[in-house]
Amino acid sequence: MDQLSATLLSAPVLFFLLGGLAALARSDLAIPETLAKGMSLYLMAAIGLKGGVEVAKAGIGTDLIAAMAAGLLLSACLPFLVAPILRSFGKLDRVNSGAVAAHYGSVSVVTFVTANQIYGGSGFIVAGFMVAVLAMMETPAILSGLIIAKRQSGNVFDKDLLREVLFNGSVVLLLGSFCIGMIIGEQGFEPISPLFKAGFTGVLCLFLLDMGLIAVRRITQTRSLTMRLALLGVLFPIANGALGVLAGTLVGLDAPSVAVLGVLAASASYIAVPAAMRLSLPQADTGLYLAMSLGVTFPFNIVVGIPLYRWLAETAGGVL
Amino acid sequence: MDQLSATLLSAPVLFFLLGGLAALARSDLAIPETLAKGMSLYLMAAIGLKGGVEVAKAGIGTDLIAAMAAGLLLSACLPFLVAPILRSFGKLDRVNSGAVAAHYGSVSVVTFVTANQIYGGSGFIVAGFMVAVLAMMETPAILSGLIIAKRQSGNVFDKDLLREVLFNGSVVLLLGSFCIGMIIGEQGFEPISPLFKAGFTGVLCLFLLDMGLIAVRRITQTRSLTMRLALLGVLFPIANGALGVLAGTLVGLDAPSVAVLGVLAASASYIAVPAAMRLSLPQADTGLYLAMSLGVTFPFNIVVGIPLYRWLAETAGGVL
Amino acid sequence: MDQLSATLLSAPVLFFLLGGLAALARSDLAIPETLAKGMSLYLMAAIGLKGGVEVAKAGIGTDLIAAMAAGLLLSACLPFLVAPILRSFGKLDRVNSGAVAAHYGSVSVVTFVTANQIYGGSGFIVAGFMVAVLAMMETPAILSGLIIAKRQSGNVFDKDLLREVLFNGSVVLLLGSFCIGMIIGEQGFEPISPLFKAGFTGVLCLFLLDMGLIAVRRITQTRSLTMRLALLGVLFPIANGALGVLAGTLVGLDAPSVAVLGVLAASASYIAVPAAMRLSLPQADTGLYLAMSLGVTFPFNIVVGIPLYRWLAETAGGVL
Amino acid sequence: MNPANQRERLEVLVDAPLAHRVAELAERAGITGHTLIRTESGRGRNGSWSEDLLSGATAKYIFLTVANRDRATRFLELLEPLLESHGLVVLHSTVEVIRPERF
Amino acid sequence: MNPANQRERLEVLVDAPLAHRVAELAERAGITGHTLIRTESGRGRNGSWSEDLLSGATAKYIFLTVANRDRATRFLELLEPLLESHGLVVLHSTVEVIRPERF
Amino acid sequence: MNPANQRERLEVLVDAPLAHRVAELAERAGITGHTLIRTESGRGRNGSWSEDLLSGATAKYIFLTVANRDRATRFLELLEPLLESHGLVVLHSTVEVIRPERF
């Protein structure tokens, strides 16, 4: 597969592998938390701006509406597909299966960004509006996960949580930057493009270096990641990614957007959802859901998933 | 007013508004303190270098001397104009009125930077030496504020304070970078211009995002900001800005420099002065002066003041 | 000496001097630790990538092998030359002389980077593979220092230490980025070059500003830096630098690489070695070795040493 | 020690996203002041954690408050239901304070 | 507990820019060591604060020092005048130390 | 205070690179939990230090652990040899805990 080696030999993925190897060798290499947080904010602002500027150029079409509807549906429904498998095959209790399921319904910003970068590098250009889809898919899964976890006890939602869901920092930043991008357009973007465009891939490299370190440490530090759950951490993205590709194809998106909808469906959150779960389901095992999302699914998607969903999208485009 | 909409639709101001809206919606969006500090240091180094390089090109003229004299006078005198109003209309005690007055005599680096950016974007180019004026205006107001606060008790100054006033971090960085810019000139600046020039507007956007968050949180968290004081937080910049414009016009600066002297006079410190007040007037109410300076005056200047002082400067230039 | 003034008037060195002056004036200027750490990681990744890309272009020759052998030898042997002088003339005990000697055998990444920058700016281009030599010289000196310190007591090494030596964070990052640079080559480097190449000199300026602050504060805060030891902090780099130049000339490197091997031999570690010493020789005086390495030797090398070792290399090249 | 100056010192180890809930309970118990102390990492029966700004899910703070006996007791009662579900660690001792009327 | 090993533990909550003044007073009282502990945020009668590197005006540290009774008493006397003006919170308890001659 | 709920509170000031060794000793003494607290700077007989991420050599943490008397005593015995060489400061007091069986 030519795609796979192109992915594996790109600078961002190589830095990710470097981080993973360093953590495996138990090196003391570490990137301060504050800087990782800063890079994550930067990536969200940059991707939001970029998407907004592109939409300002291309205009809003029916594609956007179709993609948003498909994304919302995926985010809200995937937890309900995933949770029963977590309970039966994964042997988790109700609370933990709800918490983990919420992660798989939601999305990973960096997986999205890396996919955009790798696809775009080989001329497979993703539409700008997919950033809005990314933002919309962040939080519906939180509500689904809580409904699963709390089916019996009455009060699923409190006001803290509602704020978390509606005004979650990453959603606000993504959508806000997207709107700013739409307002300023290409001309207004020019003075800020050296920071937000030229610097982008480099920052992504450093961020993925850190993610490599974090992913491996998550797995080695946790006590509750069983072989069964690790297996699900690989199977879920494949199944969800296929569903995402299917949904995207059915609503009539172009191949790159279909592939990215697959990436979004396949990816698991590690920013918005863990914090919300800590707040609303403090009994759930933090180590477990971070290990599955960051330690298993994230690396799988970065290394194998991104070329895979592209291949699925191109195949589905030919068949359907 | 065309100016106003040009200001409001520029990327830095839009990010500022985004931050404000996010804080109003009580979103958990937050930029780590350390990064805000880093961006603030970066902006000071960049603006200092840029000013120095320009002065190296243009040479030092009598303009610089005139502007410095006007700036020093404004910084030292404005607190004495402002303090009586804080006591009578604002109902503050002596200590708090001295502390707040010091903030209004001093200046805000980011208001200056944003004004430069917005003015420059529409071809209204500010002279490079105004950075030196900015640096000179940071600290005289501290002494004036302390004289007001401590009029009765003997010892106004101690050695900690004197060091704070003379070698305040932001003054050292601004003047130091300014001198480095003068030494290296345009040629020596070239290798560092990708970081300090190309990246500048983008960093300003992220910094203003944070300032929007901070400004709103300052207002909502404080307990001591009365309606009267909030009103003064809007009236002071208008009055001081007009005095700044008047002083600049009288000493014969060109219109953009006059406008920026207005911006400097109108702006209130949130870096050098608060730390000095905490040291020298620990009894004063930190929440109050930060709420007035960051929560009221800063947003007013960014959104309304910057076009206003330009308009005043252009009008005064025609009249006088 | 024209070289000296060219060095002194370059932006990075001017920022270093600014930091030093600010600390001497006891200004409160400070760069948060986290950001300094981030800049240090950035510089290592960037220099590693740059070296790797150059080696990908030029190919691996016998030069690389020769330089690596010379570097390893210097790193392992210099501590044994330095330690007896620290004991006799410097009046240190065995443990402290071992700890300090390890620092002088190892290397300073930023001295290397600054030398590259200054040499390169005047067309004296250093070969890319010297980054690999830099990485190789980081840790052998740690083992030598420990052998010196613990000659009597049996267990010199434990498993923590071995990991520290083999998988030290800075070694992993330097060598890892070097390999990534070799893999991606010039073409793959292009999308990340705005961050890692264009931004490089600017970040170096800010980092050296911080190093200037740290260097002076190290000297003024320590209680154990005697005049004798301070003198050694100047003599060691001269002697070690000369040995480095000699070794480089003997193994047949070109003049710029010889000069940089001199810089490496002359420089003293302030990242890999202090942490290792804290772990393995906790009885040694941390304040002392950091004061010598950061407070005395580092400034000497930046300001005087870099032009000196170039002059030595050019002279030796003519004589031998 | 002067018993009139003695107050209760309560330290609660709490997850960062939950800290403001603990503060609300303290306020409901009539306690006017508290200080959050930064931690770096830790280990317990549920494995080890360290500060993690990225997910924001694993940082913890030590919530420190000093109060008179009545308020402290009321606070502990309010905390009770959270102890198990939120994995809190609560430490209780006495300190002498200056200006005891403040606490 | 062995009373010969008992020393006074003083914790002073102090604004970051004033911490070195408290350290000077401790030194004047003959106390040779202290440790500053990081805080994140807090609330008191004067409203809430959180660390704020930008203005540098609202961060606080906990100044922790252990000393014998004489020095501790002298230190508290020296602190007295700052308590009101600087809004300090002072906590006082006893701890057992190892190698008590150091404190 | 209810003596059945009393446990030993141990605080060890330790250099950052050595913290995990102290944690290993605690574990060897049968102590299952600890929390590392962040410090900013300090001063002692060996001069002053402040957090220093660059060299990573001068940061310190406060290692806080609560344990029953037996485990605490064993832990202190295991720490003994490190006290001088590693420049540790150890503070020992008692606290009341909730759910004492955990400690």
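Note that the chains take the letters A, B, C, D, E and F in the order they are written out, and that residue 1 is the start of every chain.
Going forward, contacts are C-beta pairs under 8 Å (C-beta built on N, C-alpha and C of every residue); 3 or more make two chains touch, one makes a residue touch a chain.
Because the structure is predicted, anything quoted here is derived from the model rather than measured.
The chains that touch subunit D as well as subunit F are E. Among the remaining chains, those touching subunit A and also subunit F are C, D. Most remote from subunit E, judged by the distance between CA-atom centroids, is A.
Residues touching across the subunit E-subunit F interface largely differ between the two copies, under half of the numbers being common to both. Per-chain Cα centroids separate subunit C from subunit E by 39 Å.
Put simply, the C-alpha centre of subunit B and that of subunit F have 46 angstrom between them.
Counting partners per residue, subunit C has 32, 34-35, 37, 194, 198-199, 275 as the residues that reach two or more other chains. Counting only residues that touch two or more partner chains, subunit F has 37-38, 53, 93. Every pair of chains meeting the contact definition is listed here: A-B, A-C, A-D, B-C, B-E, C-F, D-E, D-F, E-F. The touching residues of subunit C, counted against subunit F in their complex, run 33-34, 36-37, 40, 160, 214, 221-224, 270-271, 274-275, 277-279, 282-283, 285-287, 290, 294.
Interface residues of subunit A facing subunit C in the complex, by the touch rule stated above, are 9-11, 14-15, 18, 21-22, 25-32, 34-35, 121, 194, 198-199, 201-203, 205-206, 209. Residues 1, 9, 23, 32-38, 61, 66, 93-99, 102 of subunit E are the ones touching subunit F in the complex.
Residues of subunit D touching subunit A in their complex: 15, 17-18, 21, 46-49, 51-58, 85-87. Within the complex formed with subunit E, the residues of subunit F that make contact are 13, 37-45, 60, 62, 76, 83, 89-93.
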